[in-house]
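Lettered A, B and C in written order, each chain numbered from 1.
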Amino acid sequence: MTLEVTLAHRQGDFDLDVQFQTPPGVTVFFGPSGSGKTTLVNAIAGLLRPQRGRVVADGWVLVDTGAKHFLPPHRRRLGYVFQEGRLFPHLSVRQNLAYGRWFNPGQSPGEFDRVVELLGIGHLLARRPGALSGGEKQRVAIGRALLAAPKLILADEPLAALDEARKEEILPYFERLRDEVAVPIVYVSHSSFEVARLATTVVALRHGRVVALGPPEQVLGDVAAVGPRGAASVLSVRVVAHHADGLSELTCGAGTLWLPRVPEPPGTTLRVRIAAQEVILSRARPQGLSALNILVGTVEDIQKGRGPGALVALRIGRDRLLARVTGRSIRAMGLEPGQTCHAIVKSVAVAPEDVGTTTSPAHAG
Amino acid sequence: MSASCAIRRLVALAAALALLALPLRASAADVLVFAAASLTDALDRVATAWSEETANRAILSFAGSSALARQIQQGAPADIFISASVEWMDAVEASGDIRAGTRRDLLANTLVLIAHGRDVSPVTIDETLDLAGMLGDERLAMALVEAVPAGIYGKAALTALGLWDDVAPLVAQADNVRAALAFVARNEAPLGIVYATEAVVEDNVTIIANFPPGTHAPIILPAAMTAESQSPAAEAFLAYLSSPNAREIWAEFGFIVLD
Amino acid sequence: MWEAAANWLGPAEWQAVRLSLRVSFWATVASLPLGIFVAYALARWSFPGKQLLNGLVHLPLILPPVVTGYLLLIAFGRRGFIGQYLEAWFGIVLSFRWTGAAVAAAVMAFPLMVRAIRLAIEAVDPKLEAAAGTLGAPPAWVFVTVTLPLILPGIVAGAILAFAKAIGEFGATITFVSNIPGQTQTMPSAIYAFLQVPGGGEAAGRLVIVAIVIAMAALFLSEFIARRVAKRVAGG
C-alpha cells in the first residue's frame, strides 16, 4: 500500500505544509519535537481536521478537503498506538483487547489468540491496566490496535514514555509486526535508533516541512535531516557466530564486525546503527589499537558543516559508513573523495538498541 | 447586667452602627419596627406619613409573626412589634420581651372568601354553602391551617359552619397569606380564604363573601414596644399608629382600627 | 424496636417522611439523564449561548427559593404557559401534586447535580475517548462504554447530593405546590408548619432528626459507592 499525503494546517505559530508519497512497509515520521509529526499522524487518524489537504491510504481517501470529504476516525479502520498507551482503565486487558472487535465482527476467532501469543500477553488478560508495567501496557496497546483489524497502524512515539530496558522489550514486537503482519505502519519517532531498526521509509520533518525522504540508510546520513550530531549509518550485517568472551561475530559487505553479544542466532540478518561520531578515520592501517573493528573503504563524499565538523562518507561494499571528524583533521589527513581509508569502530560504541532484525524482503519490496 | 443583656446591647449597638451608614436626616431618630407580613402595604404608607410629619424615620421589617416573635426573644434590636396574632404577642409578653403597659390591640381584620377574576358573583357563607361543589376537582387556597393565623382562623370558621370535613381534602396550604392569594390570582386555585386587607391589593381576585363574625375568634393585630427599645421616638411612633392620619390609611386598606 | 421507632413519629409525620423520600427519589432519578447531558454539553462542547445555559442551570442556586417556586408556578401551573399544554397534550398536571413537588425539588437540586457530574467529565482524559474512536467506536458507543463508566463516581456523587438537597427543599416546593398532607407536604413543609405554632418545636425536632439521619445516610452511601466505583475504575 502507498500513503499519499498533501496537508496544509496552521495552528498558532505552527505551520504544517507537507506533500509526500511513501511505498509500503513502515513509514517513520522522524523529527525533533515541534516538527509536526504528531499533527501529521493525527490528521491521518482523523483526530484533527486539516485546513487543507488530502490523505489517501492504499487508494482509500481518508480526507480530501477539496472534495469536502472527511471520514470520522471511527470509520477509518485504524489501529492507533498512542505514546501513553491510553488503555481503558475500567476494562480488563482482555476487554481492552476486544474493544475494537465489536466493530469488526468478521474477524476470525483465532486472531485474538494469535495476537496475544505474538505479544506475549496471555498471562495479563485478567488484569486491569493499573496493574501493568509501562512495557506491558504498550504491548497491550499494540494488541488492541491490531485486533481492530486495521487497514493501517499508526504509532505515535509508542516508546517515548518508556525507559531503555522497556524500549528494548517493545521494539522487537514492532519488528515482528513489520515482518509478520501484513499491515502497513506509520510510526512517529524522534529517535534515530528506532528509525534505523524499523523504518522502510523515513519522512524527516523540521518545522512542519519535509526535509528528507527515503530509506533510513540515506536519511540518517543526511545532515540536513538529522543534524551533524544525529548522523549515523545503518549497516546490514549477518550473524556468524557467538564467542565465549561475550562478543558476537558479524559480517558486513567489507569485513568482520565484532559487537557485544546480540541475541539473534547465527545466520540472522541484522541492521546495525553506527553513530557517525563514534567512527575514527585513518589513512594507514592502524596497529596496536584496542578497537576491534577496522573496516576498509573508499571516501565517497565529504560534507562540510557550518561548524568545525565535517561528515565523511565511506563506501564499504554495499554499505555507506559515516564518520564525523573535524575539518582540521580532514586537512591534516589530506582526505579527498576516491581515497582509500580505514574506519575504526569501538565494539562497545554500538549499544544493544542499535541492533535490530532487518526487514524481510517481502515487505522491503 | 446579665450576659444575655450584654449581648443584646451589643446587637443593638451593631444595628445602630449599621444604621449610621445609611443617609441620615437632621436630628432624626430611627425606630425599627417588626411587623407581620400582612401589614406590608398599609404600614409602609403609615410610616412614610409619620416620617414626613416628624422627620423621624421608621425602618420596617416584615416577616411572619412567628419568625419575628422568635427573633425578638433572641434579642433582635426591634423597638416596635406588631403581630398578626394574639398568641405570638402573648408568647413575647410571657418571655418578658415587651415593655409593660405598652401593649394594645391596634387593628382588626376580617376573613373573606375570594375567587379568581373580576367578574364573579357574590355568595353567602352559611351552613348550606356547597364549597366542595364550587371547587370540583380544584383547590381551595389557604394559609397553613395549623400554623399561620389566617389559615387557623379559616379552618375554625369552616369547622364552625360544618363545611370543613368536606373541603379539607381540597385545601392547598401556602406558607403565608400572600402565597395563598397568588394561587388564586394565577387561577391555580379558583377560590381562596384570605384577609380582606390582602384581597384589596390584588386586582385579579374578587371578594365573593365575608365570613360571619361569630364563626372564628376575632382577628386582632396587637402592637407593643419591646423591653429593650432604646429609640426615643418609639413611643411616639406607637401612638401615631392610632392617629387620625393613620386611621385613614388603615381604613383605606380594609383594616378596622380598634380603641 | 421498630415498633418504638414507628410510634415515635405520628402518622402524619410518617406520611411526610415517606412522601419526602418518594419526591426526592423521583426528582433525582428523573433529572439524572438531563443532568448528565447538560454536564456533558458544558464540559465538552462549545456552542453559542453556553454561558447562558450555565447561568440558567445555576439560577436556582442564586435566586431565593420562593422566587424559583413562583417562576415554576407561572411556567408549570395549570394555567402556566407550559403547564396548560402539558395538561392539554399529555394530561400531565403538576400543580398541587406530588409530581410538582418532585419537579420543584429537581430544579433546586439540578445545579448541584450538574456541577458534580461536570467535574467528573472534565477529569476524564478526552484522549481515551479519541482512542476509542480510532478503534472504530462511534461517538455514542464511546460515551456508553468509556465516558459513562469513568464518570460513574461523579454521577453517584451528583445524584446523592441532589437527593439530599431535594430532601431539604422547602421554599420552591411550598410556593409552587403548597402544603397538602399526603400530596405535597414534605418533611421540610411539615417542620415549617410545626415551627409556626407556639410549642410545636418538639414534633419539628423529631422530623429534623429524621431529616438529618436520611441526609447523613445518603452522604455515607455516596462516599461508600464512590469509593468502590473509583477503585473498580482505577483497576488494581
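Simple rule for what comes next: contacts are C-beta pairs under 8 Å (C-beta built on N, C-alpha and C of every residue); 3 or more make two chains touch, one makes a residue touch a chain.
These numbers come from a predicted model, not from an experiment.
Note on connectivity: the fewest steps through touching chains from chain A to chain B is 2. Relative to the centroid of all protein Cα atoms, the closest per-chain Cα centroid is that of C.
Between chain A and chain B the centroid-to-centroid distance comes to 87 Å (mean Cα coordinates, whole Å). Taking the mean of the C-alpha atoms as each chain's centre, chain A and chain C sit 55 Å apart.
Separating the centre of chain B from that of chain C, both taken as means of CA atoms, is a distance of 35 Å. Listed for chain B are no residues, as none touches two or more other chains. The touching residues of chain C, when paired with chain B in their complex, are 70, 73-74, 77-80, 95-96, 174-175, 177-180, 184-185, 189, 192-198, 200.
Here chain A touches chain C in the complex through residues 45-47, 72-80, 82, 84, 86, 88-90, 99-100, 102-104, 127-131, 144-145, 148, 154, going by the rule given at the top. On the side of chain C, the complex with chain A involves touching residues 125, 127-128, 130-139, 141-142, 145-146, 149-150, 232-236. Chain B makes touch with chain C in their complex at residues 64, 66, 87-88, 91, 139, 141, 144, 146-148, 171-175, 179-180, 182-183, 186-189.
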